[in-house]
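What follows is a group of structures, each given as structure tokens.
What follows is a pair of complexes built around chain A, which joins chain B in one and chain C in the other.
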Partner chain A sequence: MDTVIIDGLSFALPLFIMAIGGIYSEKSGITNLALEGFQGFGAFVGALSAVLIANAFGTDVQNLFYVSLLFSMIGGMSFSIIHAVLCIKFKANQVISGVVINILALALTAFLTTQINALVFGAASDKFQLGVSERFTIEGLANIPVIGAVFTNVYPFQVIIIVIAIFAWYLLYKTKFGMRLRASGENPHSVDAAGVNVLKVRFSAVLISGLLSGLAGMCFAYSISANFSSNIYMGYGFLAIAALIFGNWRILPTLAACLLFGFAKSGGTFIAQSMALPSSFTDLFMVLPYVLTLLLLIFFSKSNRAPRALGEVYDKGKR
Partner chain B sequence: MSDYIVEMKHITKRFPGIVANDDVSIGIKKGEIFALLGENGAGKSTLMSMLSGLYEPDEGDIYIRGEKVQISSPNHAANLNIGMVHQHFKLVPDYTITENIILGVEPISKFVGLFPYVDIRNANRKIEELSKNFGLEVDPTKKIADLTVSMQQRVEILKVLYREAEILIFDEPTAVLTPQEIDFLLGIIEGLRNSGKTIILITHKLEEIKKVADRCAVLNKGKLVDVLDVKTTSVNHMAQLMVGREVSFKSEKVPAQFKEEILKVEHLTVKNEDGFEIVKDVSFTIHSGEIFAIAGVADNGQVEIADAIAGLTKVSGGKIFLEGKDITNNSIRKRTETGISYIPEDRQSFGLFLDFDLSTNLALKQYYKKPFSSRGILNKQEFEQFGHKLIDQFDIRSGQSIKTQVRSMSGGNQQKAIIAREIDLQSPLMIFVQPTRGVDIGAIENIHNMMIQQRDQGKAILLISLELDEIMNVADTIGVIYNGQLQKIASSESLTTNEVGEYMMGAKHE
Partner chain C sequence: MSKNKMKKSLSYRLFWPIRNEKWQQITIPVASILISFIAAAIVILLLGKNPLQAFYNLFQGAGIFPKSSYAGYKSILTDFLSLLNAMTPLVFASLAVAVALRAGLFNIGVSGQMLVSGFLATIIVGYSGLDAIIAKPLVLLVGIVAGGLMGGLVGWLKYRFNIHEVVSTIMLNYIAQYVISFFIQMYYIDPISRQSKYISEAARLTLVNVEIANLKMNIPLGFILAIIIAIFIKFLMDKTVVGFEIKAVGSNRNAAKYTGINVGRNTVLAMIISGGLAGLAGVTYYLGYFSSIQPKVLSSIGFDSIAVALLGNSHPIGIIFSSFLVSIIDQGSTYMSSQAGIRQEIASVIIGLILLFSACGEYFKHKVSRLKDKEVDRKDSES
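The block that comes next holds the complex of A and B.
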């Protein structure tokens, strides 16, 4: 039972921080289907920096976790510039831009990974080996029945994510930047009339979504996959989008949705293992979060309300 | 130093194809209400946009408090204490009044001296105080989405006052308001002047100018016609300068010839979304050759009556007969084909597809029939011919004829297009809801004449209007509604404006 909670949390929290990135972008009025690509590219840059540094200085890749986390954020943010420029400067269709960025990220990182492996390390491999980040257990708290699992085998990134999430909430709801950002997604004309540059606000929002997605991608790479490969594009970005939609573009309800997805995933694996089913069945149980998504969609889509100006190109002249 | 707070000298502004302002010079004194009068497209808004920093003039200079300035942005205008109350509100529906007002100039405090945050509580207090000072009482913590249009306008005014504007520009502020709200707003504007603010009022409504303005500049086709002292100028003279020709406020019409009964409404009851009876047991009839007008203060159920007849709202009780046939439960298309033309109140949301071209909009009620389409395939040529026919017949003016995107047309011409489309249906019953809302005087005269012409051709016409003058002018029979009930039905000759007004307020009962 404990493993369900432990694995569920370690999956839900990266999903959550990526969803927050999505909230930032969409609250500012930019539809963001590119989370998947951002997290993949971010993880690629993070993983690449880790293996390069490890190679140059002979450090153990596992100890470079924090360095790679930093680089993944930079990588995700840089990649998100494409989406921002296409959607904001060139007024491209935001859905198409998002889809194209996802495809581009997959192709580009898969290609670069094999090439770099061949050229730099002389190995024929399509992945960067990273290992699994070290975990810690808070003695005492971990002994509490059931809840204790929350404090057992915790990845350090889970703590980092919670701290960032709190800061993200503060930034979005308490500061003037957040106020202007949310207004840009509701009625950009009012923001413009107040003398604030809508395009700048939206640009920063998309960059923030890239940064947080990159972070999330790196967390996945250092935990469930233990390497960087094209396997990172498992649809987590879309799951994050689903979570933020069920969460009604609000941070706390989105956390609840992420936890639900996380426990559905770990619960599915747990059931498959405890029933000692062949591995082909495990795959079947792995789709649980996605089936859950479909079911939730039926119940939640009625009461949901997207930001009013979401996906709308901002054009000063049009009233 | 001159005694003008704002001076615009020899201003010319060109847009591709037109000269919006042609060598216009005006001076505005501190502490006066200065009106800018002109028809739609006369260049009033363009002139004021240059003062509020949206455009820069091609030629000419602007002086504020005697100093020459180049106003490059709305922010710059705000620094010069110039504020504009926009005609189309720029508000965030999900935000509270306070949040909307402080957007862009947020007051900042710090948690534990470290984390800056927007100090809403402090702002709430400040705005409450401000709103009381100017008689604009609002609850700053309320959300915009829950406010009426006139309350939203108060927020727009407060927004400008919060930024410490001394020169306030009101762009057509009364276009969206009911008569009571207009009186209130004009009172506020006078109050602002009395507290030392300078007011510029853009409008095409003469009564308002007569009521509050001190001086008035008349623009026609981008040129300044005259600057008048309002007290010593008659309304007729102002109208003549504005339109450039004689205008009659009283439509010419021959006595009505009532023929057979066209519409019969029996005990009509309509409930709104909350199950509240918004129309209660209303009965009336309209004959061929009759203009029947429903007068009333806004939101007393008159629009719901029109919607129920046209089929936009479900009827919860009573019956509607058109030429003797029961149409109470028919679909909208069935009703249109049985013989109802409908000119909706909100022409941009319900009357037109703004991003479609003019010919498509004109064919909207017939596109699915021959000759406009056969076997589900549209015949574009027919659309075009039909479009040209109506454009000529009704003198609809637009930039690129049938290919014009309707969004780019003026309000008056958009309305003309709808009326043309509906008249062409040759329906025995025509429903006009607020047909002259937001259109200028020349177009109003035109629309009234069209209605009377249709009446004389034997149509039955139902007119719903908030403008009492309009009703007294064109109606043959008047029904006055109050709180969902018809208080009085009588011929227009037998009623005075005052009597109708009393019934409208529910003060007089049968």
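The block that comes next holds the complex of A and C.
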């Protein structure tokens, strides 16, 4: 039972931080299907910096966990500039821009990974080996029944994510910047009339989504896959988008959606294992989160409403 | 002054095809293709290789230019036919995306629809041992019906329950992927290849290893169908009431509603057509290009097709050309990598760049129309 909570949380929290990035972008009025590409590229930059630094200074990759987290955020943010420029400056169709960025991220990182492996390390490999990040347990709290599992075998990145998520919540709902950001997605012309540059607000919102997605990608690389390769593009970015739409573009309901995904995923694996079914049955249980989402959406999406100006190019002259 | 005027007329003539709105549909994609090949050439130069040689190898590998030598039973013709074979599912999938786009819907679930129709056609017809005459049309029929139902479900969920099509298609993609993987691994697995068992030759939409004039060719029957269907879709969208209503719903839902068009019915209908096309992509992919299904893997065609449809301006004929180009780069990459010593992955980078630049097409149009306005202003002030 504990493993369901432990594994569920370690999957749900990176998903959650990525979904928060999506909320920032979409609340400001920029549709963001590019989360998948951002997280992959962020993880690529993070993994690359870790591997290169480890190579240059002779340290172990394991020790560079925090360094790579930092670089993954920078990487995700720099890559998101493409989406921001395309959508805001070049007035491209935002959905198409997102899809194109996903394709480009996969192509670029696959190419660069093999190329750099060949050039720097002289190895014909399509992945950067990272290993799994260390975990810690908070002794006193871990002994509490049921809830104790939350404090057992925690990845350090889970704490970081929670801190960032609280800050992101505060920024979006309690500050002037957050209010302007949310207004840019509902009624950009009123924001403009108040003397605020809508395009700047939207630009920063997309950059924030890139930053947070990059972090999420690195967390997946350090926990689920233990390396960086093209397998990082598992569609978690799209899952995050589903979570935020499910959460009606609000942070707390989105957290609930992410937890649902996480627990349904780990729960499915747990049931399959505890019933000692053949491994192919795991596939059947893997469907759980997605079926559950579809069913819940049927009941809850009547009241779902996207930000009013979502996906629209901001045209100052238009009334 | 006169010199200045001369200069203007030269640049005017040079950029005329981009200015002219009728030609923009063609010139902007062509321009983005050129820019991305230049960008790729720079990357190849930086790697210390000859870009022209690499591009030539790319086209050789795809069967457009002749290679220096061929293995037994192979020639430029067999290479070209494999290119068409690979291109067929991409044409169908891109048409599927384009039809949905016209209705204002984003069908991200093409991969899932492909997988479901490919799987159903495989187990219903592929393993049945029917004669080719019955089996091949039946495969197409199963593909269209299965895909159409999947697409229709998405449209219905959108219209009836207000479920965003992006979310429902993503969920259905995952569900299809895992459920079908389960069935393949339980009942239809080939223990050696770790894929589903191969289908019968009679059901396959590509005739494999046909010996003509001492060549072993793969003849993609689906390709002819793809061309016919593309023309049919163009006719449907441009000349019929159905197409008009779908486009009306796509450009403005509320306006369409006020003119008495049934928005819900057209949303579902557009998704049924889109899904049916995705189903055809599925059967030509899993029962044509391949003859078995790899469990747990969604084909990347579903996502590539969104971009290919965009490159072709969501226009059926444009899509044939854009998928032709993307397939050339895809198919030629192996040969290029072996000949020029450049990593194969650069091919997808080129494709990505083409798509990236063509996504900026709107901006070019915008810029050009602004230039035009300025020119008109200047002429006014001069006179």
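Everything that follows uses one rule, which is that the second predicted complex is superposed on the first by the 317 of 319 C-alpha atoms of A that agree within 3 Å, B and C clash if a C-alpha of one lies under 4 Å from a C-alpha of the other, contacts with A are read in each partner's own complex, and residues count from 1 in each chain.
We adopt the following convention: a contact is a pair of C-beta atoms (placed from the backbone, for glycine too) under 8 Å apart; a residue touches a chain by one contact, two chains touch by 3 or more.
Owing to the predicted nature of the structure, the values given are computational and were not obtained by experimental measurement.
Touch criterion met: A:Asn187 reaches chain B, while chain C stays clear of it.
Contact with neither chain B nor chain C is seen for A:Lys200 once the two complexes are overlaid on the shared chain. When the two complexes are overlaid on their common chain A, residue A:Thr114 makes contact with chain C while staying clear of chain B. In the superposition on chain A, A:Tyr170 contacts chain B only, with no contact to chain C. In the superposition on chain A, contact is made by A:Arg308 with chain B only, not with chain C.
Once the two structures are overlaid, the count of chain A residues touched is higher for C than for its counterpart among chain B and chain C.
In the superposed model, A:Tyr290 makes contact with chain C only, not with chain B. Touching of chain A by both chain B and chain C, each in its own complex, is seen for no residue at all.
Interface residues of chain C, counted against chain A in their complex, comprise 47, 106, 108, 157, 161-164, 166-168, 170-175, 178-179, 181-182, 185-186, 295-296, 303-304, 306-307, 310, 343, 345-346, 348-349, 351-353, 355-356, 359-363, 366. Residues 73-75, 78, 86, 88, 90-95, 99-100, 103-106, 108, 115-118 of chain B are the ones that touch chain A when the two sit in their complex.
Per the touch definition, chain A reaches chain C in the complex via residues 33, 82, 86, 89-93, 95-97, 99-104, 106-108, 110-111, 114-115, 118, 235, 238-239, 241-242, 245-246, 280-281, 283-284, 286-287, 290-291, 293-294, 297-298, 301-302, 304, 306.
Chain A meets chain B in the complex at residues 170, 174-176, 179-180, 182-183, 186-187, 189-196, 308, 319.
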